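Consider the two complexes below, in which chain A is the common component and chain B and chain C are the respective partners.
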Partner chain A sequence: MSISVEEKSLTGVPVPEVTAKPRKLRHYGTDLAASGEPFLWGLGGALALGILLILGFLTLIFWNGVTTFWPKPIKVVTLTDGSLVAGEPRRDDLYRVGAEVLVTLPEDVRAQIAAKDGYAHRVMYRIGNYDLYNEDFRWVPDFVVEKVETPRDFFFFERQEWGPFIGTIQKVTVNGQETDPAALGFAGITSEQERARERWRQIRKIERSDIGVINHEMEQIRLRLRRIELRQGADSPELHEARLQAEARMAVLQQDYARLAEQAAAIRAEDAKFSITLAEVGGREKEVPLSQIVRFYPANDMGLLQKAGVYFSRWGEFLGDEPREANTEGGILPAIFGTVVMTLLMVVIVAPFGVITALYLREYAKQGRLVSIVRISVNNLAGVPSIVYGVFGVGFFAYTVGGSIDAIFYPERLPSPTFGTGGILWSALTLALLTVPVVIVASEEALAAVPRSMREGSLACGASKWQTIKHVVLPHAMPGIMTGLILAMARGAGEVAPLMLVGVVKLAPELPIDGFFPYVHLERSFMHLGFHIFDVGFQSRNSEAGKPMVFVTTLLLLALIVMMNSSAIYIRNRLKKKFVNAHF
Partner chain B sequence: MAEIALNPDAPAQDKVAYHFQEAPEGTIIDIADFNLWYGKSQAIFDVNLKIQKGLVTALIGPSGCGKSTLLRSLNRMNDLIDGLKIAGRVTIDGEDIYRSGVDVIALRKRMGMVFQKPNPFPKSIFENVIYPLRVDGVTDRTYLEEACERALQGAALWKEVKDRLHENALGLSGGQQQRLCIARAICAEPEVLLMDEPCSALDPIATSKIEELIDSLKGHYSIVIVTHSMQQAARVSHNTAFMYLGRLVEYGHTEAVFTAPHNQRTLDYVTGRFG
Partner chain C sequence: MLKKTLAAALLASVSLGAVAQAASIDPALPDYQPVSGVSGNLKSIGSDSLNNLMALWAEGYSAVYPNVKIEIEGKGSGTAPPALIAGTAQFGPMSRPMKSNEIDDFEKKYGYKPTPIRSAIDALAVFVHKDNPIECLTLQQLDAIFSKTRQGGLDQDITTWGDLGMTGEWASQPISMYGRNSASGTYGYFKEVALFNGDYKDSVKEQPGSSTVIQGIASDKYGIGYSGVGYKTADVRSVPLAAAPGEPCYDATDVNAVSGDYPIARFLYIYVNKNPNEALDPLRGEFIKYVYSKQGQEAVVKDGYFPVSHELANDDLKIFGLK
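Let's turn to the complex of A and B:
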């Protein structure tokens, strides 16, 4: 604004002239930026995108996991050169045909491929019969296909070893006598196969459990002798006496062993009389003992009900049996068991440590610089890469602590380590270390959220600080502490990297809990679903065969974590209901 | 309301006016030259107050005058605050409670306390009431049940809750919760009952119930009640102490304080000229 006073009016009296800039009119409409509408769209969009990503992920896992075990049809493909391929079509894609293949092709096929910019369609078949073909899968380009059929007499056999066999049944040998498979029928062969499986299970039971018990006792005797030798000296009378006792017992055990081995051999001899001769699509024959066939079905000659039967029997095997074929087939019971036991063990360890630390930090420690530093360090611990914990776990827990335990308590077993190597206890401890910051932070928050009036009420009643914490503060903070534990559990159950260093193995011969004293064997290495996924998908001989198992196992791992978390959340909500103040 | 006149033989304004009613059993809590600081700021200045045994003593005064602080000093609840400093003496039956080595927990057991907001624990009604006995380690079930009933009768809550003693206390209404807190405070039969604005969060009906309760408790307990409501102080107390800016201004017979106060500030406050 400027006021000019120089100009004079007609009367000579100076009149100040006011020249003001035109005032900008205020804008009265609500514009978009002010109302925040676009922001809201952005936020909603981001949320929708996030949910979409998660849903897509879950759908992929779920669909692939759920459909894996559904029996698929067998196609028999006649190629232009007259040879035959039989298998389950797995997937198909377009691929660029190599120049060296192109030159061998007839003119019209080449023209077709050229029309598709050098690409051709191909289908991958699971052809099985690894023992005959040395491959499980085969790509068949469309241009070499003469015709595709689905013959009804083709069977899909799942074998104990060598993976699946796809082919026809030539003859069946029952009790040493060749029998016409047509006369026996599918039902007849199935019942023979089931009886053979029963024999196989008997043999396995004798060899695993019964002989296992004997072996276990022999090992115990050996260890006892070694212990006496270490304590009393190599030529002490005690050792001498113990040796005499041991020899007597060993003789009995040897007898038992011989008897059992004989039993097994008898069953095996009987079993050898039952076999089935299969023929692959090219006509090559293969004789397989009936007991080695886990499951078989006429893939192209089944109703929905039969298919569902196969489907559920495969799920049953998957959930309740041990793995076979380098983990790509069979079940994953040991992995489920290992994951659950390890996670629960971790929670049992992490809960008291985390809660006690948080209690001290929040309730007893004098809030000062030192406590701040401790708190910041704890928070930072949560950000350390998990593999670092794995290295620490194997270096400190397994080798240092475990080594010392071995030297003190299990000298008789050395040099083979007991606790001095990776095991379920060390894994649980390592994961507890990894997740303890989460528990501490959540517990501290929960303790801080307990209203001051509650503490004062308790103290005014003449309760000591500890009584106040025990009776009032802890129960009130319990839901929050549980939340921390749930987060820790979710993190711990899904963690794989550190476990690979401290105790997870590809195939654990024994479960961490079994029927041998002391029943819980925390020193044993174990199988874990997360590692199983890694191993099956990326470390096995045949990653293509393992792929479906990856999805199923992932589905199961997710289901397991959801189950453990939801039960924890259920408990927490029950606690919460108890402590919610309805009127204030 | 009739015009209130200053007591003609009132002392000078800067001197504390004492004309309180003395109990036959004498003084139970003797506060002498009591000063209190939160960090650097002083909250209570030179308070001298003799709380009479078996009587109800009301502490009134505008917000921030230090009456709650004084109350909480009596059972050392202020100990929880960092940077607290005190000078002077508080004695209960001649025993200095700020002497070093005094058993604070034993001290608090001699006093029940009721807070501004009801603060029942997240436990059953029964467990709430007998909490003081639980922390004493009493386990005799019949004794606990008797004590619970006695306390709830005393707090005029027994009829309402006798059929749901084992339900969660948080399911009670606000007034019931406050009476539950009173039951808890009197369960272990303390000598003194400290009440810090017990009715400020309650509606008039609950308030009148609690006032009736205080009425029925007088004689059994020495009660110290902090209140913002002058009517309440007038209704329930024998003696009233008026505090202003951390100082005790007047401590006298309730009727006298409200009808003929000895001090100009008290007069201004009770007539509503400030505060």
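Let's turn to the complex of A and C:
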């Protein structure tokens, strides 16, 4: 529509006359660049393509992430040579059968393959039972398959160690008595297993929390002695006295320890009476303590509700438990916790720095060459590769600053570093440096957008410059500043490369916040979802088993960032409303 | 030299039966006996081949000592010596022995050498795609595939699968090589033994982790690469190797690795800063005992590597004064 208006005004000729002269019309019609139509199509197309790519990417992650924990059926495959394979089918593909394999095949199979241009179909099964087979997955080509069945008595066991077991239940030992599993039934075995898990959790609680407290105190006593030794000398009377005290206390602690250890041993002895004997598809048996079975289900004999139960119980474990088996199984609670704490810490550090810098640059500094240079430097800082920040972080924060802190405040712990190595504080500081340009630029823009008339109004009423900034300028710039913080947060939560240098580790089961004084341990290394994805995807022993975990963890990281961002947006919108009401 | 050490240290002492399943553990290895009062922080920085194994040991160790916190970082064997020297880590897992200059740097600061424990055995496997029918490779052929200097003595470069005598669709296909990055001990060990200290070709695709090498080969039908045997998946196949042309080929199994028949077997080390004049603190000492216990060596099998014998464990424990 706007184009026709343009035509009119450009030519300055009345419309009917234009239609009367087709030559002129064609002139304007053919000049595509002038009409702008193709450009519009290009823009629209680019937008559509962008949305399509993002949607495709999100769907891929969402679908793979959401379906990972759903229980899959177990197939028992009888091969032509009589052997059996049991497992969950995972993937399949078409492949060209090699000449050396073709030679070994019977005539009719060869003819079948030849009819398909030399290609054959094969399926990969997750066969589990790593301790028996020494492999977790197996490809089975269709031409060696005799038949495929889905027997109802095959169970999928998730074990505390050694990964899954796929097989049948041979016998159950309850309280030292061999019991017929058929008499016990699935419900009976489940309740025995749950009771065994409860014992296992009890043992863990005694060992982790109760003995943990004793061990912590012992460590504190050792450190205090060492501190006194460093300050007063090795033969000082103070040290001698402290040592006597410590020995008395240690003896009490040792007694407590022995008592608790006895308790744990008693439960353990009780627990040893409960076990389950499993048989893999070939008949080999394996006895497993019942408490080592995390979860088990008859994969081919379940209703939808039962499947959903397994599905959600797996999600529960994933979100609320610690990782096991070198991060490939179990949960990722420490990584979620580490990511959130580190990001929040980063925001707390970056917000005041960014806003104060922007305030000075925009409100106080004389706009001249120096300020321009500072501004350009800040903008350039945003373009420095993130790994460079990591190198700076480990060199300056961890080794220089942290090393000095250790030498002054924690000499008794040396040579083990306390702050002198990567930790959550240094990571947050490094990411704060990385994101501070974003906050500065956004805050400056927001401050600049506050109308001059408002400042002048405030000044005219007799307010000082600081009062004006505090009561008029900052509140109005706040939503813009919040936008900058949101951008910084999103960038910080997703950044991994610099963190690998300054404090993210593969395994740090201790959270940075716990029940021991001083409760917040900023010097501790931590786990991070982004690094966890890298670790499980590219470092785990079995990359095939790790793949689904990569999708689930990615889904979770995305969800976490969306959640943190939407809460920030919610706060921003509330601020906006509040200031609109308060002032106008 | 290492081959001899392995053979001497292990063959003489172990009687390994033929095992059809996961590698078996020396029954003489003791169960781990917990002691009281072990707590504190440990940090391990080093090899990524040992990353998962360290994590398994750490899980097991902190299950015994609930208040021991172990952090694990694994970005390559080359990162272990600087961390040990700076004191940022108590354990430096390495998939190759320390180089003399690294030992010198350590000695310069502490006045004594770092002490290694030989925690597990790895057969460095050469992997190809699962559909690749190749039956055997000699070290010399490996050298000609991966190296541009060909110190192994083969006079011709090998660039296609046809150069290795394969026929049909394979004959004309170029070999696509996957390797590790230079911080990795696997990179260094493969260079020393399979490349006869020659240089890698520039066309070798350097990967950041052992698992990435496997994933590369899994998706590349004409790929070949090397990494610890523990990383094997259903999508790749390990190729039997022969030390020289005309010699028999050996699979990457525990028996062949221990006997020294498999030409590129190696120890996986953990380096420790131990002052020879002082006793090792219980925190680290018990960890070493744990590694050499039945439970510790079970973790080795779980991670796909091969366990060490009771005699070797005792030898190393003696060095640390733990026996």
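The criterion applied here is as follows: the second predicted complex is superposed on the first by the 544 of 584 C-alpha atoms of A that agree within 3 Å, B and C clash if a C-alpha of one lies under 4 Å from a C-alpha of the other, contacts with A are read in each partner's own complex, and residues count from 1 in each chain.
One rule holds for everything that comes next: a residue touches a chain if its C-beta (ideal position, glycine included) is under 8 Å from a C-beta of that chain, and two chains touch if they have at least 3 such contacts.
Just so you know, these numbers come straight off a predicted model, no measurement behind them.
In the superposed pair of complexes, A:451 makes contact with chain B only, with no contact to chain C. In the superposition on chain A, A:66 makes contact with neither chain B nor chain C. In the superposition on chain A, A:464 contacts chain B only, with no contact to chain C.
Shared-chain residue A:476: touches chain B; no touch with chain C. Applying the stated contact rule after C-alpha superposition, one finds that A:544 touches chain C and leaves chain B untouched. When chain A is checked against chain B and against chain C, the one touching more of its residues turns out to be C.
The intersection of chain A residues touching chain B with those touching chain C, taken from the two complexes, is empty. Across the complex, chain B is touched by residues 451, 453-464, 467, 471-472, 475-476, 578-584 of chain A. For chain B in complex with chain A, the residues that touch the partner chain are 75, 77, 80, 105-106, 108-109, 111-113, 115, 117-123, 131-132, 134-136, 168, 170-174, 177, 181, 184-185, 188, 194.
Contact residues on chain C toward chain A in their complex (touch as defined above): 21-23, 34, 36-41, 43, 48, 51-53, 55-56, 58-59, 62-63, 65-75, 86-88, 90, 130-131, 133, 167-169, 208-212, 214-215, 218, 230-235, 302-304. Taken in their complex, chain A has these residues touching chain C: 95-96, 98-101, 124, 130-139, 161-162, 207-209, 211-212, 215-216, 218-219, 250, 254, 257-258, 261, 324-327, 399, 414-417, 420-421, 500, 505-510, 525, 537-544, 546.
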